[in-house]
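Dropping the structure in here first, questions after.
Chain naming follows the written order as A, B, C and D, and within any one chain the residues start at number 1.
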Amino acid sequence: MLGSGIIRGFIETARNFAGSYCSRERLTTIQYPEERLAQPESARIMPFLVFDGADPKAGLRCTACTICEQECPPQCIYIIKDAVKKPDHIGKMQMQPKVFDIDISVCMGCGICAEVCPFDSIKMDQVFELSSGERFNTFLLHKEQLAKPNEYFRKLHPSDAAETDARRAEDKIKAEAKARAAAAAAAAPKPPSSPKPGPPPKVPAPVPEHAEVAT
Amino acid sequence: MIAIDNDTEVKQELLEVSMGPHHPSTHGVFRMNVLLDGETVVKLKPVFGYLHRNHEKIAETNSYLASIPYTDRLDYICAMTNNWAYTLSVEKLAGIAVPPRAEYIRVIVSELTRLINHSCLAGFLLQDMGALGTPLMYAFREREKILDLFEALTGSRMMHNFMRFGGCRCDLPPGWVDGAKTIVAHFGPFLDEFEALLTGNEILRARTEGVGVLSGALAVSAGVTGPMLRASGVNYDIRKVDAYGAYGKFAFRVPLGQRGDVFDRYMVRILEMRESLKILEQALRELPDGPVIDPKAKLRNLRPKPGEAYGRIESPKGELGFYLISDGGPTPYRFRVRPPSLINVTILEDLCLGHSVADVVVILGSVDIVLGEVDR
Amino acid sequence: METLEQLKARLETAIPNAKIEIVPNPSPVNQPSLLLDTESARAIAHFLRDDPQLRLDYCSNVTGVDWLKAGYLEAVYHLYSVALKHGPVILRMRTGNRADRVYLPSLTPVWRSCEFQEREVYDLYGIVFQGHPDLRRILMWDEFVDYPMRKDYVEPDDYEYDPTPHDDALEKARKHYPQAPAPLQTEAAQ
Amino acid sequence: MSPLVAVLYIVGIMAVFGSAFALTTIAERKTLGRMQNRFGPNRVGPFGILQPMADAVKMLTKEDIVPSSADKLLHFIAPLVLTTPVWLNFAVLPFGDHVVAARFDAGLLFFFAISAASELAVFMAGWSSQNKYSLLGAMRAIAQMISYEVPLVLSTVTVVMMAGSLSLTDIVDAQSSYAFGWLARWNLFTPWGLAGFGLFLIAATAESNRSPFDLPEGESEIIAGYLTEYSGFKYALFFLGEYLGLFAVTGLGVTLFLGGWHAPVKALAWAPSIFWFAAKFAALIFVFIWARATLPRLRLDQLLAFAWRFLVPLTLINIAAAAAWHYSAWWGFQGAMATRWVLCAAIIGFPYVWLGRSLRGGSPALRKYTYAE
């Protein structure tokens, strides 16, 4: 007392002053544009749409089911269904979005859209440098800007992507087996008349690639 | 103020000052209409609403799930506890059980949140006292480590959106428990360092002892909760009273103050952090295996049976409660947040009367309000 | 703690002309509540606070509910006992209607914690608490006229220009800006 | 002194302390940063060394805002009134061997007379701004500066007594010899000098409105005090004036207690005298910065109580200690030096403890906290 507490405080700041020259522990600043912290796998900033293969339009996993639109807390997703259907990875005909807009000036990055999406279509991006000097045409992202290849998703969230890819591959195998069984069943009583023999050229089966990425 | 009028008669006038919203200590979101006699406070009326966004109304138009990320933004320093209070209320309303591992994880993240809140509060308090941010920077240094941990777990540093009805959104990533153990082990020495800088400091004690004394009786009547209530010597900790979650399984003590002044409020928080470390050590050691979410719990389309429920937890700032009424629809019919910050600030005027302007800032700091929660 | 029925009986003997009803709560959590009449509410509140068996000295939560279909507003109080560590006991009071008979007795003289919360209920629901020491708007600004938490509240048509309008905002934008600025035209062209 | 030399002195002082101002701002920010586990400014130029230039450009290009209800004339001249006289303080400070602009016989008196002008400027600023916070800040400043002028002057009285002169050059000369043939005979190395230096430092901190006595501009309480309504160049002038005041009082401290431009040990006396002055000056400035990083702010009533009930009595007692030291100088018995030290330490030490206790209102026991299970 009578000044001893103040002197203890002085010693403490002096320790930090000296420590800042010899220990990273006492100089914690990350000098941002030059230095960057690695983001953890779970990091989530803004949503994006995953597509398979090379064509963002044909490979888009989104089926315009509008679940994300309904669940989005700040209502920043805006979907209009297209009249034309397209086949998905197991060959089933699905709806596709004509308009898929995300207003990222409203989006709060909660990740609920990615969580509720039953088609593994919407996932969370990790790009955080989103500021722009132009506020009119930059923040309402359309599906062309949102669509990112599956490889990108694998890079961001390797374990999540591995699980997704495995599940989708399994779905596909099951669907093919089912189609074969159905075809076989159909072939037994009468000549085969399969209208859709699966979409082998459409989906470039991402299984082997994924195995490499995941390991 | 002394004004000399024509008859050279000395006249005493009161000075009315509007502290805030453009005041460095109110951060643009809070105002106090203060009537001063010299520098002594004669009257003080807090004015809120600068951050009002009617969270309750938004929640009444959104599904139960979609309100979780909004609760992150109530008390933006302690998103985890906000999540927990809300999910607890919905679990009560819909009768959802939580698996033990999820309960443990909830306790761990909540106690880490308590460490963040209390250490930052001490920093902000000293900042308001003019210590130029040094304690705040030290607190932030430690907070960063915990935020890194939260980011690895939830993907976001502050807006965690982590808990779900019936458990937690995801399991702990590999290596997380070890990271948490390291942080817990290092936090005690940090607190010693922090206290060396502050607790014995004569200036701090002169500024805080006997300032803003709150009696236990007034505190209870005014609904003051959390460390502020306990600093006034009232033993009421919802972690003990309700023993929600897994809190019944841990040995910890509740520190109580004697005089209810600013120094007691500061010290009770420091001691509470040390107790939190004990809880964390136990929880991290005994963390059970198993699922982190009730497999029967529905993520979407939750439609609880008509009825109502009030769930509350001990958030770092006090009793955070959610009062929900369901009419059987997909959205809550009534969604009410019981914000500890707003109700703790009820007695601000009682605490400040007779003190000087400089003390108002310190008292306000010791009440520990977050305007995101006060205004909602 | 005694059951709500016992409490009701005890209250009715202690306060002779009190009219109390038990409001059941069908949800899994067992939290039924007491519906008080406005005349004896404050006497009941005093009794609950001072009764040695109850000592409900802590009013945790005060809130309003707008029952649009039933046509009344309701104030709900959650009481706990800090001294005896039990609770909650839930009190409700109902107004006559939603337009002019919106008066309820304030319980701020009994529990100080109601002060800001009753102001908030007044602000957002328009329930006027008689006997409140300082009943002003708290979250909305003083000149605001409507009560935003009521179920039939229509938000004012005060659209501010939104750089990325979509959905309802786009409709509004079109209405407010018939001569659509550039981004709206690109939006419309889609 | 020829006019040419006078002009040289004027230009030299303005150049040196003007750049010292720039250097101190950056050094202060970097030191504070290091004490708070961060870098401090390091973006403008190598290691952020050009930060003061950037600050200057920012300050000078900012809009000069004058409140419409302000007293325009007073508002305009207040920064000038603060900054102009401060320069005169440096005239009497001996920076090195025969490096002093004006050898006043009453140099110390002149110094204090000049530095009192800053109070006027501060009140002008606070009053003319027509802002409640400015006025509160100005009133705080007046109360604080007048209160702390007393201990500041009293703490220097001992030095004047021992040197027998008010001239700062004479005071430096009185500290020029070396004890035991190697250790400088600075006033700091005597019991009264040590205590006097501590008291002087505290009073000087308060006098120059530095943390923990920065109440007149206590940001968290009254925004920026009397500076609230100032912007741009005028604000920069205030800033400059405050730092110059700090430099002047630091230079005075070096002169009075740290032996002026003399080397600490005889073996180092070969270094230029100006270097020693600069080194001591920088060390003292570092102490001020260090205090700023460490201490919270006092409250006004505590500040005044501290001045009148602690510092002033203690400075008076210190004079008695100096007298005891002076009149025991003829003691020649074995261990006389140690006895004198103990005597003087007791004369200061006991009142220190007693006054400190009474200031804190009784026993300063740490509180005990109970726990509920």
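Basically, contacts are C-beta pairs under 8 Å (C-beta built on N, C-alpha and C of every residue); 3 or more make two chains touch, one makes a residue touch a chain.
Being a predicted model, the structure only gives us computed values, none of them experimental.
Ranked by how close its C-alpha mean sits to the mean of all protein C-alpha atoms, the top chain is B.
Taking the mean of C-alpha positions as each chain's centre, the chain lying farthest from the centre of chain B is D. C-beta contact counts were set side by side for A-B and B-C; B-C has more. Chain A and chain B have centres, each the mean of its CA atoms, that are 33 Å apart. In whole angstrom, the spacing between the mean C-alpha positions of chain B and chain C is 23. Note on chain placement: the centre of chain A and the centre of chain D lie 61 Å apart, centres being C-alpha means.
In chain C, no residue reaches two or more other chains under the touch definition. Annotation for chain A: residues 1-3, 6, 9, 12-13, 16, 28 touch two or more other chains.
Along chain D, residues 35-38, 293-295, 360, 364 each make contact with two or more other chains. Put simply, chain A touches chain D in their complex at residues 1-3, 6, 9-10, 12-14, 16-17, 20-21, 26-29, 31.
The residues of chain C lying in touch with chain B in their complex are 25-29, 31, 57-61, 63, 65, 76, 78, 82-83, 85, 88, 90, 111-117, 120, 124, 137-141, 148-149, 153. Residues 48-49, 52, 54, 56-57, 92-95, 218, 220-225, 234, 236, 241, 304-312, 319, 321, 323, 325-326, 333-334, 336, 338, 342-343, 345-347, 375-376 of chain B are the ones that touch chain C when the two sit in their complex.
Residue ranges on chain D touching chain B, taken from their complex, read 32, 35-38, 132-133, 135-136, 211-212, 214-215, 218-223, 292-302, 360, 364, 366-373. Residues of chain A touching chain B in their complex: 1-6, 8-9, 11-13, 16, 28, 39-44, 67, 70-73, 108-112, 115-116, 124.
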